[in-house]
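First the structure, then my questions, so here it is.
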Amino acid sequence: MIDIKGILGPLSALKFLGKAPHTIDYPKETKKTADRYRGIHYNDVEACIGCGSCGTICENDAIDMVNVGFDPNKADTGFRPVVDYGRCCWCALCVDVCPSGSLSLTKDYVYVDDDPKKFLYVPGLQELGKVNIDSTDDLKELAKIEKENRPKLKEGERSWYQKDRTEGLLEFNRVPMKELPGSTRIKSFAEVVLGYTEEEAFMESIRCLGCGLCISACPDRMHIPDYIQAITERDYNSSANIIYENNPLPEMCGKVCTRQCETACVYHNRGDAVAIRWLKRFTTEQFDDFRTIINAEVKPLNGKKVGIIGAGPAGLTVGYYLRLRGYDVTIYEALSKAGGMTMAGIPKYRFPLDSLDKQISYMEEMGVRIHYNTRVGKDIMFDEIMDTYDAVFIGIGFHDPYDLGLKGEKEAKSGVISAVELLRRVNFGEKVDVGKKVAVIGGGNVAIDGARVSKRLGNVDVTILYRRRVQDMPADWEEIEGAEDEGVHIVPQAIPEEIMLDKNGKVTGIKYVMAEMVDDGKGGRPRPKKIEGSEKILPIDTLVGAIGQQADYSFLPDEYLFKTQDDEKSGSKKGIDTFWGRILVHGYNETTMKKVFSGGDMVNRTADAISAIADGLNAVKGIDLFLQGGKETKVNHSVTESDLDKNKLLDKHYKMKHENGKLVSVKLDLSGNIVTESVKIAKDPDELKKDVEKKEVNKSTDKANSKDKTMSYPTKNTNGETKKEEKKSKSKKKSKKKKKKK
Amino acid sequence: MDDLKRPTLDSDFTCDMAFNKITKWAQKNSLWLLAYGTGCGAIELSPTMTSRYDWSRLGIRGSATPRQADLLLITGYLSTKTLKRVIRSYEQMQDPKYVIGFGSCTINGGMYYDSYNTIKQLDLYIPVDVYINGCMPRPEAVLSGLAYLKDKIGDKKADGWIKYKQNFEWYRENQKKILKSFNGDNMPDKYNW
Amino acid sequence: MSTDSMYRLLVTIAVILGSIIYGFFINSLARRITARVQNRMGPPLKQPFIDVIKLYSKRTFVTHGIMQTLGPILMLTGIISTLILIPYGKGYLTLYSSNGDLITILYIMTFGQLAMALAVGQAGNPYGTIGVARGLTRMFGYELPLILALISLIALNHSADVNVIIANQHGGIANWNAFRHPFVGITALLAMLGMMSYQPFDNASAPAEVASGPITEFGGKFMAIMMTTNAMFVVAKLALLVDLFFGGASNIFILALKIFLLYLYPLFVGLVFPRFAMEDTFLFFWKWPTLIGFIGLAIAIF
Amino acid sequence: MKTTKLYLGPQHPGITGNMMIELDVEGNKILKSKTHVGYLHRGFEKLMERRTYIQSFPIVCRICVPEPDVNENNYARAVEKLSGLEVPERAKWIRTMVLEMARLQSYLLWMGGQSGSMGLYTMPQWTIGDRDYLLDRFEELTGGRVYHLYVWPGGVRKDLPIGFKTRMLDLMDYLESRMKDYTKLMFENAIFKKRAIGTGVIPKDKALEWGVVGPVLRGTGIKHDVRIDEPYEIYDKLEFEVPTYEGGDIYSRALVRKFEFMQSISIIRQIMDKIPEGPIYNRIPNPFKWKIPKGYTYVKLESSRGEFGYFMASDGSEKLRRVNVRGPAYVHGISLLEKILPGSRLGDVSTILNSLGVCPPEMER
């Protein structure tokens, strides 16, 4: 039948004839886009560090990095992202991984043009489509023009950006490193830092974005992203191999490196840098013996001999890599152990005595000869070395402390000691009596070390006197904090005046003046200015000076020293030129004298171990080029593939899981069931205390058992003592088996 | 791209006719576009043509066949199979005709820059008058693109169709690189290349 | 040529031009109304004019044969002939209507459509062919009730002259054929839905089914001619219906108004109904309208 | 009678996308139908094998253009299932809401398409205009109009904006009131009924055998819905009905969709009412290095067109080994269409296509 409702019902639609349309009359009126609309990119080019993470994450290859006139420096590559809008899909993943938070999207969306080349766009720099950035000329032009009038967007105009470290795809918090509590650690020289567990190392290593900004910050240009990636793959073997490519002392670096890399880390802008140092340390801790895992190729001896003076980081580096290249290498060391300043000058709670053993014994195994207790100039003459060897490397370091230059210093018969000497004596097991009250003068790492070592020498009251404010101290922040934790007093803005002596010439106190900070008028850092009448006297038993060191060139005969410019002109005498106590080098660390190379603290200004290693590597190249007549020996540092595969299998039995809102990784058995919870729960401080006390007992027994009376030092403190021993025995067994096979 | 002949308006005898004042105004304000949703971009066309944005107020409407259309909207990526149809549709359209590259895919491959079945740069195969950026472009962006095209027509710069004629060999050469033959036996010879 | 025939010729040209303009104008108004019901703004009023100017300015080289070129022109001829046979008022505005009667008009009206069919046939597009087939089927559908209604009118007025029929409707709305003979009126109005090719009877050019139907292969100038003829045709058809059923018009403005109001009716129906399937279209016309038409005829004759 | 070959598409207003149907027509009757695809093939499954897990996330939503969220959700859940990532409770609620919003907008689009294919052009103008309000809410929530890129492994990308709840509820009220207009204009329209009833019939006994899913299957009277059969996200905590209508024709499918439209409105109201507070996502590890353990999985959900599934295999590296997308449109658009088109009228092809929810980009991926 006729469906009346169906015929008349639709006619009700005609009621809209009387209603206003809801059309948006676009060019005349616009609809506001939402606050988080993903529109065209914007980049705060000043905040951007050019790490390229945005380009790496982009699934469409839409982002390239180009140089648009920014100078590169340690924490900025100088490159800026350029977005290809012929590729972009506005997923904003680039924003979510931007570690500096500079990249964002805006609410703009209209970008219409008839030239497909105009859809390349440098966000934050280029006004849309104005310049064709395909050509380099135009890029330079762009850099010039845009420098003055860069579009600066306010926060409200940016639509999709990361506000804080909780947003986005990146984890800005570092896996915390477990440490001994302050009260426990002053009781012994036990190592303060406990090291990462395997899972902690994995969780930390996975944070690395692999951008490589750190490489440029490292004086030694280590392949940091690569070895971290190897840790992520649980392939510690290749991680160690990668590290060994340009660092023969990884464990030392893993413990005491000044880690300039971490300040350059992309995470450093908004969160915690990746713990590069701890990760390197973790890798080296995995092996008791490097001999079995480092697969570097050792070339047969090529008949050239190289002599090295000083078995510090620089000398050892030169020795190791020259040996790899087939040179006969001999190192002369004045002390009874190799390591130079790292051995003599770094307190054992940071750098246990056995830390270098593995590495040194590996080197010696490889054929690097080290003559201990042989002081050049005394036990062997420099002339002799010059005659014997085809090339000579000098890496003697800064071992002589500066004088404090205070009234009473010369007169003092006891109670004044330099921090360097104090550390050396303590490190080499000598008994040092510092009394009950110690004052340390200086604000560098050596001063803090001196203070913290003194603190460990018994129930000692330690005060640091520093000319400027605490924030001006050149020492590491962690070190200062650690010292404060351990109960070291820091008196800032205190200028020492005079050492008070008793009749016997023993130190009784120190007089110092308080200072106020004054602007130096040149825009530099403020200078301390004495406040008249604020003199104070601090009663002390020992004064530790730590205001700097210098090199001791007494071993060099006069004729090898470059004296005046006249000499150079006449050409009569050509020697090693020095400037302000540092040996002048050029190119591949060559000195002004033929066949003599130099490196380490007495060459570079940063004066840290990693720079010394870098110097060493540079000198290796120089010596090689020099001795091979301009041709470099090729060395194969790579690891075998079978090893890599073996290790890669491991990680398939792990998976990521959320636990209490935190991501952890868990171990699986072969059928995929969870075996153990990965992250070990940190031991509570009480337990640690007990551990350390146990160690103290062990220490005394060790002492008794130890054959070498002069070289006693506390054993390394780890909570996995028994495990370590097991490993050792295993590795021994392995080596035995190998021998049998042979 | 750069070795292409730039279109010279004088050489085309119809230009004076096609671009006199009234017809120019009419061509500008009456754009019929071929309803061919070649890619995913077609989804943003429906809001643009319906009540919320209503492009009919700008004189734009869809037409069902290429014969009546002035404007070909390449909505996003083109698979190689579609490219054939698009070329044929384009050649069936009557002059003057315009092409809008809609979305990032037409500019430089977009999302599918590494796909084995899509073409990456549209203007190697047919001349493009305007590109609209976006994935998807919002209706507002689409309307801006159309407004841009209108301006171009008004300034006598929307000359892609002349360019196509004058550089026909070049375009054919590019098309042949992608398409081996049009449709085998069923087609007349001139389509089968 | 006498001044009389001179005037007549001038008025004829004016009517032809006027019908084009008015045809486009009501088309434009219809678009606005459609837009309004659909909740949107719609195109500007000048839009149909812009469209047609643009289409004339397009270069149309493609042709599938002589018939495709001739078709639209024959169509134009047909519609002009139809146009001049319909009276638009008194005096010169009756044009040449006295020369022909309703039957001639009906005959000539179909001429354009048949010309179109021939043109489409040569174009060779299957959708065009299907479209034409659909269009002709629909025409057969609505012609029956329409002719029934017209026969009734002729029977009632004892004349096939449109002017006579108009004259007989004098004296107020109640005297209009549509109201005086409701069955005839309803039949005619239902048949008119078919004539106007709006939904539910737009099968011939249903985009979702047959692309754009007969005009699939026609673009550029062909399309422009078709649009022009369409505009004239709408005016012609509506004017004829106004003349026959709604009392004609004393002057051109009232005629225009009546045409517009009558135009709204298929427009509104088209806005709210989907289209019939092809078979249903045919069946529909031969069912209800035909039935009512026969009743009307019966009443008229007996 | 002569048999004519008709190529419906790829450039044809009656096709729901870029595909082609080759028809053998005799008069107005279809004798044979064959679906041609390949016009939209982009090789998604291959592209995803080349990208890391997080890089694949922006791609997947492009698989189905009218309803991208189901792809995002499936992808996220597959990755979570393989990797063991947990999703916070609030994120699950938001995800469910997004899915239902997607269903609403997809049905609005369908209403427009279905009636537009029959020539009722007022309806698409209304529904697609109203769909824009939903897109506004999407834009506010996700930052994108069409491709939302919102649901990712570990949760959702951003929290609900301030004031979103009230705006969403207002919109639900509006859509509910608009449904009355739609009903009068479309669902109760005499001619719509005339064309829809008895057209494109899928026999009940063949439906399961032919692999029919979603509203089309429920239109044949078989109750099957992943939301109820195997609840995912938080569907087990919500109250809703899954309608079935006997008949298997276009009209019963339309009624199923109409009913589900109202159910979706009610689900969104429930979610807005009960949504818990809390975090919205668990951060995945460094996206550059994220590896997923070896294994494979199949996840599925109920999209507006039916069961939508992802098979995903991982080989333990940063990139997935293989993914296979099982979209409902593949069955509906190719094999089912070839079965039910013969015998029907030429004019109904587009109508049937629309009623089956054929979505070419999803068919070809």
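Letters A, B, C and D mark the chains in the order given here, with residues in each chain numbered from 1 onward.
To be clear about the criterion, contacts are C-beta pairs under 8 Å (C-beta built on N, C-alpha and C of every residue); 3 or more make two chains touch, one makes a residue touch a chain.
The shown structure was predicted, so the numbers you read here are calculated from the model rather than taken from an experiment.
Colleague: Report the chain ID whose CA centroid sits closest to the centroid of the full protein CA set.
Modeller: That would be D.
Colleague: Centroid of subunit A to centroid of subunit B, CA atoms only: how many Å?
Modeller: 57
Colleague: Please compute the C-alpha centroid of subunit A, do the same for subunit D, then give the distance between them in whole Å.
Modeller: 53
Colleague: Let me have the rounded angstrom distance from the C-alpha centre of subunit A over to the C-alpha centre of subunit C, please.
Modeller: So the centre of subunit A lies 89 Å away from the centre of subunit C.
Colleague: If you average the CA atoms of subunit C and of subunit D, how many Å lie between those two points?
Modeller: 44
Colleague: Could you list which residues of subunit B touch at least two other chains?
Modeller: In subunit B, 35, 50-54, 57, 64, 66, 111, 114, 135, 138 touch at least two other chains.
Colleague: Would you pick out the residues of subunit A that each touch at least 2 other chains?
Modeller: Residue numbers touching two or more other chains: 10, 13, 21-23, 25, 31, 89-90.
Colleague: Hey, what residues on subunit C touch two or more of the other chains?
Modeller: 35, 37-42, 207, 211, 271-273
Colleague: If each chain is a dot and touching chains are joined, what shape do you get: line, ring, star, complete or other?
Modeller: Topology of touching chains reads as complete, every chain touching all others.
Colleague: Where on subunit C is subunit B touching in the complex?
Modeller: These residues of subunit C touch subunit B: 31, 35, 38-44, 47, 50-51, 53-54, 56-62, 207, 211-212, 215-220, 223.
Colleague: Considering the complex alone, what residue numbers of subunit C touch subunit A?
Modeller: 33, 35-42, 268, 271-273
Colleague: Can you list the residues on subunit B that touch subunit A in the complex?
Modeller: Those in contact with subunit A are residues 51-54, 57, 101, 104-111, 113-114, 121, 123, 128-135, 137-141, 143-145, 147-148, 152, 157.
Colleague: Quick one: in the complex, what on subunit A touches subunit C?
Modeller: 10-11, 13-14, 16-17, 19, 21-23, 25
Colleague: Report the residues of subunit D in contact with subunit C in the complex, numbered from low to high.
Modeller: Listed in rising order, the residues of subunit D that touch subunit C are 4-6, 12-14, 28, 115-122, 125-126, 129, 185, 189-192, 194-195, 345-351.
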